[in-house]
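Below are the structure tokens for one structure; questions will follow.
As written, the chain order gives the labels A, B, C and D, with residue 1 at the start of each chain.
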Amino acid sequence: MNNLNFINPFSVREDPGSSVGDLYTQNFSRHAKTGTVILNLGPQHPSTHGVLRVIVELEGEYVIRAEPVLGYLHRMHEKMAEVKTPWQFIPNMGRVDYLHPVAWNWAQVGACERLAGLEVPERAEYLRVISCELNRIASHLMWWGAFVMDLGGVTPILYAFEEREKINDILQIITGSRLTISYFRFGGVSADIDERFVRLTREFIPYLRERLKMYKALVTDNVILRRRLEDIGPMGVDICQRYGATGPVLRAAGLPRDVRRDIPYGVYPKLDFAIPAGPSDDCFGRYLVRLFEVETSLNIVEQALNELPDGPVKMDKAPKANWKLPAGETYFAVEGARGQIGVHLVSDGGKTPYRLKLRAPSFCNLSLFAEAAKGVLLADAIAILGSLDLVIPEVDR
Amino acid sequence: MDLSITSLAQIIIACLMVIGLMVANAVVMVYFERKTAGFIQRRPGPYEVGPRGTIQAICDSMKLLGKQLFIPGNVDWLLYFLAPVLAFFPVLLLFLPIPFGKFLTAMSVDEGILLILAFSGLGVISNILAGWSSNNKYGLLGAARAVSQSIAYEIPMIMSLLAVIFLSGSLNLSQIVEEQGSWPWQWNICVQPLAFFIYLVSLVGETNRAPFDLPEAESELTAGFHTEYSGMGFALFFLSEYANMLLVSFVCVTFFLGGWKGPFLDGFWWTFIKAYLIMMFIVWLRWTFPRVRFDQLLNINWKWLLPLSILNLWITAIVVKLL
Amino acid sequence: MTSLDSLAELFRQADAFVISNHDFKTQGLVMSAVIPAKNLVSLGRSLCAGGYSLLDISTLEASEGFLLTYHFDNINQPGRLAVRLLAPTGKPVVPSLCDVFQGAEWHERESRDFYGVVFDGNPNPLPLLLAEDFDGSPPLRKNPKDLAPLSALGLFGQPQSVDPAWEAYVNPPAKESSPKAEKQA
Amino acid sequence: MFRAIVDNIKGLWSLIVGLSITGRFFFSPVKTVHYPRQVVDPESLASYRGPLELVPADDVGGSKCVSCQMCVRACPGNCLTVIKGKEGKAPETYLYDFTLCCLCAACVESCPTSAIRFSHNVYLTARTREELHMDLLADLKARAAKASQ
């Protein structure tokens, strides 16, 4: 297999192992044992959240091997960055991860700001934190509902949507959109908050805290859910290190790694918040870490609203749409809802960036699924897949 | 039992009425279930078709009737078409011995419960035929699950019913109701709470309803054994699922909740009210809980329900013997 | 915990052409090194032992060839590194890091999809993000004028040590190719 | 064994708690805003970014646009077409292809005369692609005519 033809890297396809299915299935079934079933989960499957496809080899109900197949939602964002000015690329970021677009906004805008050395007014930094954390809550709530739906409980997702709608209403006041948000601008943000934003957010924080208690009683403490999740899909520090997993997956494994704390950006160093680590590296641990993060984010929003300074929300002479980046290289990371979002930006001083590499946390988190799903039941494999919190547009970019 | 013309006519009329009941039940239950799901999830549910969406279920069934029959390639078409029919017709038979009212029984059989238990085992054959014949891996997995689940849950179900049969000393359903009184504390549920609980759990397992809907677990197996069915085939499975629910609810009412007897005025309405309350409970369960895993499902049955039901049976037997 | 000095020592052991320090505030890296491709796996092994995990592989198309930047971060104590390799345009073959960091498999396949870089040792020969029946050259820059030389991209921060051969390769004084580059291939 | 029994009884209790929660929600009012009988309150749409519209400069349907092409150049999706009129600076055509628009506000923020803005039209529907190719000048005139009536 290693004797690749160096001229055409894809020439292997002339040697299919079996003639059933497409090339991925053929390549996968080449190593299949006899008496097993090769099953394609997806790309249209209720629990793959979009268009992920996982080929699994089943012996009875046990998954012997699994291999995710990507690329059904690939949109070439990285190439698009090379033909658009940095400003024009901001709206793309909302489309990379539709659940936590603000963090991706931040990653790209922050990378350009670092490279160009732009100063962001302090009020804008606070607004960035507020919007990013509200959006993180929305993302985690959506994950919570979808995850419980993967486990067969259909109702919680609609409760989660109630809260998510409230957050969307709040974010819409400043960003103008509800899903594919492009709120950040080089040197600031696009709009200031108003009295209504503050009022709704202040109402929302105690409301969600109350609802979280309901979530706990309805779902977290539910014996069916606990027995579905406890001791399922353990992912220790070792596997996280080898696969580059970040975010709640790594934190559940017991390492309090969070870019907000480790490599601070924005005004996070001034804010006081806890980074959860543990309690267990199984699906239930990842579940608890995310719910804890919702509370953390609520605290951050509350603090940021209290400490919000006055001032402009955009620097003077903020870059326009035809702004050019200076030559140079930078790597900027932010903590998204799914893990470390990284932007590797290389510019040759031209109109458009020379290279923009997006590091999607879901991409790395998904890559460990093949190893984590070995030897588990099919239902557990679905639970593990759900506990990774995947957003397929982000995986495929 | 004499097979005169009148009794034959009685059976035929009863069959027609039961078909009517099954269809009406499905229509009502679809609407009811969707509304319940809606209210639990804080949305109105069906709303647009007819006043408050009441005609929605009828429209949907018309749509199912009018749909093209889509047959996937490489199906074993005889079995593929047989399966939905097999799912539907045994259920029909099962309604015959149910006493809806004091004199409202299609066919009063002395061994009524035996008939029900024997024929309810047929339902699973349709599931396995559907899963096998439709040439689909999800279907096959769903069928395998359906078989082991329904075999497993039949046992505690029968055991819990046996305890009641010990008490009343009869297999005749009317007789069992007659043994109970009109007021709730005179019902068998007060004498046999454990049996009632076991029956309730195995009822959910036997009808493949959430949280025990493993054969059609949509997040794992897309739709399980009926993945490849559309149109009328799907409608028949659907119909038989609701009919099965209704049936086990009727059995539950007969055995534990005093059948047609109720406070103030006995009559068939009590049977229906109680049966639909149980159906409501099943629906409520579905929209509240996540699904159990398959090994857990079997563990609940073999490690807990079965020993408990045997224990219950022993105690009942001893108590009946002593008293 | 790996201090900067021991890191530099690690890079030196891997025969790094260039070892440079970076301003973390603006560039987001603490240190970077350009190493010969053949030493990648051994360096990866020592980084793995030091608690580093692979963040991503970012491939850059420059006029000298494909510059692959492997970003590493320590999972115990944050500090981002970049390890770079240069794969020549005509025959871009580099060793695969899959044996050390299994997560590298997908990053490598992505790189192969979009840049045609071949990773020797990657267990999966199929495209990752492109269509399975995609047949053609990877979506590279067609016009050579679009390609920037490495020296124009400001990649190397404040170099600690620069191999003269590398200097000659990146900023060729004359037309002839450097012996170092051929050694890599 | 004993612990397992206690665990299971606790588990059953958690199921009852869950049932009581969904039961409570069953009787609480629904949250749906029933469009088209009800609409969300306009206050919450005040900053909603709907399709673009031109800002009226006067009552007769004139625009503030000076045809400087800044918006056209800024647009990442190339959804704007502005053609300068024969006389003066006012545009002759201002076409807007909503199918390509990503509502990023690049045009709005780059306009030197603040001649375009986002409408708050949430309820836009179209049956064909062509309906989303909008002529903003005609739209501006229509709005002016409607306002004068």
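Going forward, a residue touches a chain if its C-beta (ideal position, glycine included) is under 8 Å from a C-beta of that chain, and two chains touch if they have at least 3 such contacts.
Since the structure is predicted, the reported quantities are computational estimates derived from the model, not experimental observations.
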| item | value |
| --- | --- |
| Neighbouring chains shared between chain A and chain B, ordered by label | D |
| Inter-centroid spacing, chain C versus chain B (mean Cα positions, whole Å) | 64 |
| Chain centre separation (chain A, chain D; CA means) in Å | 25 |
| Rounded Å distance between chain C and chain D, as computed from the means of their C-alpha atoms | 44 |
| Residues of chain A whose C-beta touches two or more other chains | 155, 159, 162, 218-219, 222, 224, 227 |
| Sites on chain D at which at least two other chains make contact | 8, 15, 18, 21-22, 25, 31 |
| Numbers and ranges of chain B residues touching at least 2 other chains | 40-43, 287-289 |
| Touching pairs among all chains present in the structure | A-B, A-C, A-D, B-D |
| Touch list for chain D against partner chain B, complex | 8, 15, 18-19, 21-23, 25-32, 34 |
| Chain A contact footprint on chain C (complex, rising order) | 25-29, 48, 51-56, 58-61, 69, 71, 73, 75-76, 78, 80, 82, 91, 93, 100-103, 105-106, 112, 114, 116, 118, 120-121, 123-135, 139, 148, 152-155 |
| Residue ranges of chain A touching chain B (in the complex, touch as defined) | 37, 39, 45-47, 58, 61, 148-155, 158-159, 162, 218-219, 222, 224-225, 227-228, 377-380, 382 |
| Chain D partner contacts - residues on chain B that touch it in the complex | 36, 38-44, 47, 284-285, 287-289, 304 |
| Chain A residues within the chain D interface of the complex | 84, 87-92, 95, 155, 159, 162, 169, 172-174, 176-177, 180, 182, 185, 190-191, 196, 214, 217-219, 221-224, 227, 320-322 |
